[in-house]
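After this come two complexes, each holding chain A, first together with chain B and then together with chain C.
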Partner chain A sequence: MTRRTARLGLNRTGYLYVLPVLIVVVGIVYLGVAYNGYVSLLDWSGIGDGQVFIGLENYVDAFADPVLWTALGHVAVFAVITITVQMLLGLTMAILLSGGAWLRGVYKVVMFLPVVLSPAVISVSFRNLLSPDGAVNAALEAVGLGALTQPWLANPDTALFAIAAINIWAWTGFSFLLYQAALSQISQEHIEAAQLDGAGRFRTMWSVVVPQLSGTHATLVLIGIIGSLKTFELVYLTTGGGPGRSTEFLTTYIYKKAIEGFDAGYAAALSVILLVLSLALTVIQMRVNRTLKG
Partner chain B sequence: MKFGNPRRRSAAAITALVAASVALAACTPADGGREADGPVTLDVWGWNPDEASAPGYFDKFEAENPDIKVNYRFIQASDYVNAVRLAATTADGPDVFGLQVGVFPEQFAPLTLDLTPYLEDELGSDWADKLNGSDQYNVDGKQVAAPWYMSSGGFMWVNMSVADELGLAVPTTLDELVAFNRAAEAIGKKGLVQGAKDGFANLDLFQIVANQVEPGYFYSALAGDEDFDSTEMIEALEAWQELFTSGAVQEGALGMTAYPDANDARITGQAAMIPFGSWQFRDATNARMAQYAETYGDEAIADTVFMPADFPLVVEGGTPGSLFGGPDVGWAVSAQSDAKDAAARLVNWLTSSETGLSVLSDALRPPALIGSSIDLSDVKTPEQAAAIEEFITRGESLVGPREVSNPDVKEALVTALSAVASGQLSPADAAAQIQSAIDAA
Partner chain C sequence: MFGRTRLRERIIIQVLATVIAIPFAFPLVAIVAKSFEGQGPAANYLAVLTKTPFLRFMLNSLIISGGTVALVFVCTMLAAFAFSKLRFRGRDTLFVVVLGGLVLPAIALIVPIFTIVLRLGLLNTYVAVILPLAAITIPFTVLVTRNFLDGVPDEILEAAKIDGASSFTTLLRVVLPLAKPIIAVVLVWTFLQSWNEFFLPLLLLQSTEMQAITQVPLYFTSEYGSDTPKIFASLVLLSLPVVVAYLSMQRFFERGLTAGAVK
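Right after this comes the complex of A and B.
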C-alpha cells in the first residue's frame, strides 16, 4: 500500500465517522435554512397550498416595518447591558474565587447553578418574583427602598431592563466558568514579575491578567451577541414582547408573524434577516479580534 | 471483501450502523396506527376539554360506539395552534381536532374535511339552521368544523367570599369598582383582576367597554361598515385607558396572565372579580368546586360561591349589559385522516347526540344545537342558578362575535390595547393604527 493509498483509506474512514453528524447537520439544519429562504419569497400562510411567489417583496416590507427596527433596537440594548455586566461580574467572581476564599467550592456551584436551569422555569419564576406583590418588591420594602417598587415587567419603562437583569442572573455563571478556566492558564510568573516591579493588585489585574484573557473576552462577546439575537423564551414567557411593543425582540416578532399571524413568508424573511445579521456580526467581531491581536 | 484489515472492519461496521438507522427510521410506525380489521382508533387533539373532563365525553362515546377507540391528547391553549398546524398537514396528526372561531377556520380550512354531507345525514338539509354559529365555521361554502357549544362574554365572575369579607356589594359603576378595589387592597387582596399580558383577555374586556359606548359598533367597524378611528371608538379607548389609570384594574395587570395567574388569584380568594364569561359557568357547580379544592389543596375553596354579574358601567352615559360571543370550540376532521367516517361520527356524537349533549349540559355548556338545555341541578345556590339562566337567555341575543377573523387586524388590536393601557400610545393614535390595519386587510 502506498502512502497516498493509505491516506485515502484513512480519509474514507474519517468520512464514515462524521457521516451521521453530516446527515443531521446538512439534512436538518442547512436544508431547513434553504427551505426557509425559499419560503421567504412567498406569500403563504404556512398551511396547505396557496403559495404565491412574490420575490423580494417580504424583504422590502420588512425593511420598511418599524417594528423590525424597534425589535433590533431592543436586542442591541439588551446585548450591550447583558454582555457587559455578565463579563464584569463573571470576571470579578472568578478573580475573587481564584484565591483561597472560604467555601469557594460552594460559591462556584451557586454561581453556575442558574446556567443549567431551563429558561422556561426561570421565566415563570421571575414573572412571579417581579410582580407587584413579588419577592423583589417585598425585599425592597424590607430594606426601606419601598419607593423603588415597580410592576417591573408591566411597566414599559422598566420591562426591558428587568428582562436583561433576569438574563444576567441566568448567564453570569457561564462567564464565570470561562474566566475561571482562563485564569488557571495564566502563568504565576507574570503576576509575580509585575508585583516585583511594584504593581499593585488592581494594576496587576488590569495590565497583566485582563489582557491575557482576550480570547475569553472575544468568545463571550461573540456568544453574547448571538445569544441576544436568539433570545426568545425569556421574553415570550415574561412579557410576550409587551406591554405594547416595549420588549419586542426579533425572535418574538417572528413567532407572532408565523404562528399567530399566519404569515409564514414574512416570518421566513425576518428569519433570514436574523441569520444574515448573526453571520455579519460574527464575522465583524472575529475580524476585530484578529486585528486587536495582530 | 476482506475483513482482515481493522480499518475495513470498522468502516464496514459504521456503514452498516448508519444504513440500519436510516432503515429503522423509515420503518417506524406512525402514532395511532390502525388495525386493518377491528376497532378504529381516532386521535383527537384539543385544548378543551381539559384532561380531567375529557374522559367524561370520550368514555361515553366509546361505550356507545364500541368499534371506535378515542385517544385524546390535551394540549395547553398557548401551545395548541402551533402543535396542530404542524401535525394536521401529515397523516400522523390528529383525526379530529378542536378549532376556535375567528382567525382559525379560514387558515385551517385547507387541512380539514368538508363536514357538510355528514351534517346533512345527521341533522337534515336544514342542519345549518339547527347548529348555532355554524356560519362562523363556514369558509367559502366548506363546513370546516361543527360548532360544539356556545359561550358569551361581557360579564364577570365574583368570588362572593371576598365580597362578603369586605362587606361590600358587587360594584355597578366605575367609582364603586375603584372603591371596591381599594377596600380589597387594604386587606391584602385584589378587587378586579385582569390578565392583561394576554391579548385575548384584553380583547374581551375592551369589547365590554366598547359595547358600553355603543352596542355593536365595534363589530361594524371591524367589518369596515363604520370607521374605527371615530369618536365612538376613541371614546372606548379612552375609557379603556382609564381602567388602568384609575385603579379599576390591578397594578401590574400587564404582567399578569389570565390563565393561570389571574384565574388562580380569584379561585384561591386572593382576588374578588375577573372579567370572564360563560365558559366558566361550571364554577357555579359543586362538582367543579370540589375539583378546584383538590387541585389547589384547600378544602375551603369547595364552599366558595362564584356569582356571574354584569360588568360595572365604566362609560359615563353608556349602555351596560351587552353580551358578545359565539361557538367556543368546533370540531374538525383532518383531511389527512384515514378514518374520516369514524371521525365524522365522533364529531356528530359530540355536537348533536343525546348523550354527548347531556355531558355538555352537565358541564353547564350551552350546546350549539338549538333547542338544547343545560342541567342546573348541581349548581350550588338558587341565586347562581337564576343568574346563569338569565345570562343564557341574554346570550341568545349577542351583539357580535367574540373573535376577530383577520389575524393582522387582531394583532393591531391586541398591540394597541396593550400600548394604550401602558400609556405608550394615545387613544386617537391607537384608533388610527387599527383603522389602517382594517383598511389593509
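Right after this comes the complex of A and C.
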C-alpha cells in the first residue's frame, strides 16, 4: 500500500480524528472477537454463572459434528451458484444496456431495487411467492410449464436452490452496477483496435472487454464469498434451515445453538470457526488476485 | 460502447435485456399486487397503519436509524479525513485495523453482543442496537470516503493551511463541501443498513413496544395468523422509505458506491 505523502498536519492531531472510529470498531468488533474466543473455551449456557472451563472441547465436538460439515457444504454450493450466476447476469445486462437500449433507466431501477430492500421483506415475500399455491407456480402454469411446479422451499431437494435463486434476485443488481461503472472506464481505443483487426462483437467482448474487468470480477468474488458466509436472514426467515437440515447454514446453526439451545460456549466456538474461515478466504483471495495481476 | 448500432441489433439487445429483466420485475409486481388483494388496497393499508403497532415500530426504527446515521457520519468523516490527509505514525496500520471489520459477519458476534448487553442491562434499549450497527457499518464507509478524499488534491488543503486554518476548520470549511457526493453515499448507505437490519433488533429488542419495523411481518403472523394481503401491505409500507431514499439519491449513490469499490 504505497500512498502519496500527505502534507497537511505533521503532528499528533491525527490520532484524535481516528479515535472515535477506533473506540467503536475496536471496542465492539475486536473485543467481541476476543470475548468470543474466551467463551468458546467454556461450557456455559450464556446466562448466569455456571461457567465451566473445558479447554478445546467445544472445538473437538464441532469438528466431529456432522451438522457443521453439512452446513459448510451448503454454504459452498450456495456461494458457487450465486456468485457465478450473479456475475454472469450482471455483466450481460451491463453490456446489453451499454449498447444503447431504450428505457435504460427503467431496466436499471428494476435490477437495482431488490438490492435496497430489507432481507426481511425479501424473505417473507418469497416464502409466499414460492409456496405451493404461490405466484411462481401460478406463473409456471400460465406459460405451460405446470409440470415444473413445486413446493420450492418445502422440498428438501429444491430448498437450497430456491434460496440461492432468491439471493440471485436480491443481489444481481449489485454486480450489474459495478460492471456498468467498470465498463464506462474501459478505453475505447482497445475496442476499436480489436474491431479493426476484424474481431467480431462476441470475440471483442470475450477477449478484450472481459479481461479488462478483472478488478471487478475479483471484487465481486470476494464480496460474494464473504456474503455467502454471512447469509442469515434469507435462510432463517424462509426455511429456518429446514426441511430437516437441508438448508442449514453456519449462521443459522450458530443462532440456534446460542439462542434456542442455550449453548453459548459451543455457539462461540462455531463463531470462531466462521470468523477464521472468512479471514482465511479473504487473505487467499487477495493473494490470488495479486499473483494474477503480477 | 461499440460505436453505432443498427436498428436490427438494437431490437435484439432490447429483447435480450427484457428477457433478463422480467424475472427481476415479476416479484416486485407480485408483491404490490398481493397487497391489493383480499379486502382491497385501502382497507389493507389502513388496517396495517391503525390496527397494529406499525407506527410505533416505525418510530423505533427512525430513532435507531437516526442515531446510527449520526454516529457513523461523524466517525467516518473525522477518520477518513485523517487517513487521507493527515500524517501520523501507524496511520496505515490503524487503517487496516478498521478495515478488518469488513470481513466479520455480525452473527459471529452473537454471543459477546448478547451477553454483554444482558449484563449491562441494555436489553430493549436503542443503544444496544445502534452501537453494533455502527461498528459493522463504519469499516465500509471509512473505506469509500478515504478513497474519495484521496482524489481531492492536497494543494487545496495547503492553501487553507497557509491562510492559517486549523486542520479541523479545513475539514469543516474546505473538505466537507467538496465531499458532498460521498457524504450522500455514507448517509443513504447507513440509512439503508440500519432501517433494513433484522438480526440485531430480533436479538436485542424483545419487548413489543421496542421492536423495529423489519419485525412487523413476524408480529403480524403471530398476532393475526396468515392474513397475507395485509402482511404484504406492511412489506410495501416498510420498504417505501428505502425505495424513496434510493430513487431520490440514485445518481450520487451509484457514483459514490462504484468510486469506492472499483479500484
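Note that the second predicted complex is superposed on the first by the 283 of 294 C-alpha atoms of A that agree within 3 Å, B and C clash if a C-alpha of one lies under 4 Å from a C-alpha of the other, contacts with A are read in each partner's own complex, and residues count from 1 in each chain.
By our rule, contacts are C-beta pairs under 8 Å (C-beta built on N, C-alpha and C of every residue); 3 or more make two chains touch, one makes a residue touch a chain.
Not measured: the values here are computed from a predicted model.
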Superposition-derived comparison: chain B or chain C, residues of chain A touched: C
Touched partner set for A:39, first chain B, second chain C, both or neither: second
Chain B versus chain C as contact partner of A:153, first or second or both or neither: first
Partner chain in contact with A:25 - chain B first, chain C second, else both or neither: second
Contacts of A:49 with chain B and chain C, given as first, second, both or neither: first
Touching partner for A:260 - first (chain B), second (chain C), both, neither: first
Which superposed partner A:221 touches (first chain B, second chain C, both, neither): neither
Touched partner set for A:87, first chain B, second chain C, both or neither: neither
First, second, both or neither for A:119, with chain B first and chain C second: second
Partner chain in contact with A:13 - chain B first, chain C second, else both or neither: both
Chain A residues contacted in one complex by chain B, in the other by chain C: 9-10, 12-13, 17, 20, 46-47, 259
Residue ranges of chain A touching chain C (in the complex, touch as defined): 1, 3-15, 17-18, 20-22, 24-33, 35-36, 39, 46-47, 89, 92-93, 96-102, 107, 109-114, 116-121, 124-126, 128-129, 135, 139, 169, 172-173, 177-178, 180-183, 185-186, 188, 191-192, 195, 201, 204, 215-216, 219, 226, 229-230, 232-233, 237, 251, 254-255, 258-259, 264, 267-268, 271-272, 274-275, 278-279, 282
Residues of chain A defined as touching chain B within the complex: 9-10, 12-13, 16-17, 19-20, 23, 45-50, 127, 130-133, 151-156, 159, 238-240, 242-246, 256, 259-263
Residue ranges of chain C in contact with chain A within the complex: 1-3, 5, 9-10, 13-14, 16-17, 20-21, 23-28, 30-31, 34, 71, 74-76, 78-79, 81-88, 91-92, 94, 97-98, 100-116, 118, 131-132, 134-136, 138-139, 142, 150, 154, 157-158, 161, 167, 170, 192, 195-199, 203, 214-215, 217, 228, 231-232, 235, 238-239, 242-243, 245-247, 250, 254, 257-258, 261-263
List of chain B residues in touch with chain A within their complex: 7, 10-11, 14-15, 18, 21-22, 81-82, 85, 88-89, 103, 107-111, 196-198, 250-256, 261, 407-408, 410-411, 415, 418-419, 421-425
